[in-house]
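Both complexes shown next keep chain A, but they swap its partner, so chain B is in the first and chain C is in the second.
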Partner chain A sequence: MNLLMANILLNVVLAFLVGSILFGLERKIMARIQMRPGPPIIQYLLHTLKFFIKESAFPKTAAMPFYIAITAMLSFIWVAAVIVGPVMGGSLLLIFAIYALHKIVEHNAGSSSGSPYGKLSCVRAVFSAAAELPLFAVLIIIYLKTGTMNIGSIISYQSIHGPLIYSLPLAAAMFFVLILSKAHYSPFAITKGKDIISGYETEHFGLLRGYLMISESIAWYMLLWVFLTVFIGALSPVGYLIGMVALTAVMAFISATTPLLNPNHSIMMQTTFAFVGIVGSILMIM
Partner chain B sequence: MDASLFGALGGQLLGIIPLGDIVFYFTPLNLFMCAAALAFTFLIAISQTESQVEAEFGSLHDREVKVEKKEFKIRRFLAIVCGLATAGAMVTGDLFDFTLFVCLIGIVNIGIVAAVKQVDVLDAAYQYGLIAMIASLPLFGGASLILASAGTISLLQLVQLSYTTPMMALGSILVFMGVAGESGVAPFFATKAEMFRTPGSPFLLIIHLSSLLVIVRMIEILLIINKPF
Partner chain C sequence: MSQTLYLLYVLSFVIGSIAGLVLSYKKYKAPFVTRNVDVLALVLAVLGWVLALNSPLFGMVPSYISITVGIFLIAMVLGMRPGYGRYETITGFAVAAVLWILRTVIL
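Up next is the complex of A and B:
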């Protein structure tokens, strides 16, 4: 039991640290592509820790205690994702459910503050859920191919039949688009577009903002972990690190060279990708 | 019953609660989603609503939009019903019960926003209501087709079948279309997003929560009915 708790703690801390550094790396690469020096790679990590020693303020228009509880929920669900994924090697469908809850929390973190910027982000989160969930659903194709949604069994399948990225390239590409939509400054990051300040995070200060940022780091790590595990197979810790850095670098390149899309265009593009991914993959494996 | 059959989807079967014809079953997936629905429902029951502060057109003043007490009470009641129906839909082991829970979710979702006195929001709720009504036909029709072709709509029985007939596949697609309409997700999301412009964040949460969790559950059911290639 103690060993399990230590394993969970280690994985959660690792997910937070690696996720934060990768976000810093993304900003650094984007800056260099745009001929700017950019912030230090540890900037996102420092930023997160800074919020824990800042004063916490609560808008008087906020829906209490909902407004506070929602940030705790976000942290809780991504810690749960780390337990289901790297610690237990559980069900991919469960991680899908966690991602669905993430969209709900993103939506309500925005609307619960009473801020018009948060509200706009909330409406965009509802739009984007309609596109991001089908993109996550491409993982169902893996069940049709391997006969299991258990992460451990999918790894075993790949050790016999080779990485799924070769047999299900479209599904891998669609999941890549999903991860891209969670990258800061990506063309699909409509919930946090700078036209609405910081989107759903606009009215979260101090401790609450710190929790939101920790959750985002863990979410980023987990999405990359799922991609690498499900489409490439079991990797060594160094292999995971190289894979995550490579994926983040590609995302940074895309983010640096593309503008933020209009919400409607973003959704239509993602939905089209999801349709092509699901139908194309089913046709490929039939 | 072979409990390991569920292991490939939502994790190992942890237990069942048989209540006559109604059977609830628990895997880590179902348990997590049910617990999440109940936790959010509790949060909704104890929370106040936010006030929206909007700039007034043509002046430098702000306009505060609040939820009135009478409206608050009825919307909170409907939100709690929706939360409980969502929790039920997450753990039911019977396809017909699932369709009933989804239908109830559709009805109360419309009710949660129908109490709002904003024309645009009511328009959106009206359009969502039309879609939800139309969607009830494929929802129940699909479940009937599965019953007619498989002889059962118990998910605990369906998971043990080693085959999927074309009629079962058609039935499951119809149920999926029905669920998409009842929960107002893609391709019906356009009007639903407009409903979220109203104040009352905790109540709006349950509309979104029920839709997304029901879709995840629907995917589990689709994979129970349709076997891998």
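Up next is the complex of A and C:
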């Protein structure tokens, strides 16, 4: 039991630190592409830690206690994702359920603050749920191909048949677009677009913002971990690190060179990717 | 065990970056404009990259210690005030990479 707890703690701390550094790296690469010096790589981590020593203020319009509880919920779901994924090697279905919960939390964090920016982000979170189609499609396609949703079994399948990225490239591309929508400054990041300040996070200050940022770091690490594990297979820690850095660099390049899309265009583009991905993948499996 | 070491390396990177940032802001009062190479940073970068990539060369020290120290030194230079440490990092990596190729491929 103690060993399991230590393993969970180790993986959560690792996910938080690596996720934060990757977010910092993304900003650094984006800055260099745009011919700016950019912030230090650990800037995101320093920002996160800074919020824990800042004063926590609560807007008068906030819906208590929901406004506070939502930050704890976001932390819990991503810690749960770490337990299901790297610690237990459990079901992929649970990871995707957690991702769906993340959407609900985004929605509720925005609406509970009472801020017009938060509410706009909340509406966009509902709107963008339509673009989660690739998520469920990926799940079904992987099941059709491997006959399992267990991460451990998917790894075993790949050790015999080779990485799924070769046999299901369109499913991998769909999942990549899904991760891209969670990257800061990406063309699909409509819930946190700078046109609505910081979206659903706008009215969360101090400690609460710190928890939101920790959760986002863990979420980023987990999404990259799932992509690498499900489409490439079990890697060594160095392999995961190289893969995560490479994926983050590609996303930074996309984010640096593309504007934030209008919500309608963002959703349409994601659903188009999904349609091509689903039809193409099913044709490839048949 | 490997995950514990992985955490150790990540922590070493974070602490090294913070140390590099704090010390470089004390050392350099102006933004990165003159584009000079800092000799001390260059030595630290070369030492760091060599220690991290060529730990078997230091047989008397356990590899995880040399890698941890190496990553700390790399992060110190890489984490300096924006712009500073850029040339030193590239030089350090190039020297360590040449040494790695000599050690693993040619010799």
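Keep this in mind: the second predicted complex is superposed on the first by the 281 of 286 C-alpha atoms of A that agree within 3 Å, B and C clash if a C-alpha of one lies under 4 Å from a C-alpha of the other, contacts with A are read in each partner's own complex, and residues count from 1 in each chain.
One rule holds in what follows: contacts are C-beta pairs under 8 Å (C-beta built on N, C-alpha and C of every residue); 3 or more make two chains touch, one makes a residue touch a chain.
Values in this document were obtained by computation on a predicted structure and should not be read as measured data.
Placing chain B and chain C on a common chain A by superposition gives a fit, with no clash between them. When the shared chain is aligned, no partner comes close enough to touch A:Thr48: not chain B, not chain C.
Once the two complexes are laid over each other on the shared chain, residue contacts for A:Met64 go to chain B alone; chain C is not touched. Legend: residue contacts after superposition of the two complexes on their common chain; A:Ser255 is shown touching neither chain B nor chain C. Contact with chain C, but none with chain B, is seen for A:Asn11 once the two complexes are overlaid on the shared chain. When the shared chain is aligned, no partner comes close enough to touch A:Thr191: not chain B, not chain C. Look at A:Gly147: by the touch rule set out above, it reaches chain B but stays clear of chain C. Look at A:Pro116: by the touch rule set out above, it reaches chain B but stays clear of chain C.
Counting the residues of chain A touched by each of chain B and chain C gives the higher count for B. The superposed three-chain arrangement places the nearest Cα atoms of chain B and chain C 25 Å from each other. In the superposition on chain A, no residue of chain A contacts both chain B and chain C.
Only residues 61-67, 69, 73, 77, 80, 84, 90-91, 93-94, 96-98, 100-101, 103-104, 107-108, 111-116, 119, 122-123, 126-127, 129-131, 133-134, 137, 140, 143-150, 153, 271, 285-286 of chain A touch chain B when the two sit together in their complex. On chain B, the positions that touch chain A within their shared complex are 7-11, 27-29, 32-33, 36, 39-40, 43-44, 46-55, 64, 185-186, 189, 192-193, 196-197, 199, 201-202, 204-205, 208-209, 212-213, 215-216, 219-220, 222-223, 228-229.
Taken in their complex, chain C has these residues touching chain A: 2-7, 10-11, 13-14, 17-18, 21, 31-32, 78-83. Residues of chain A touching chain C in their complex: 7, 10-11, 13-14, 17-18, 21, 37-42, 45-46, 236-237, 241.
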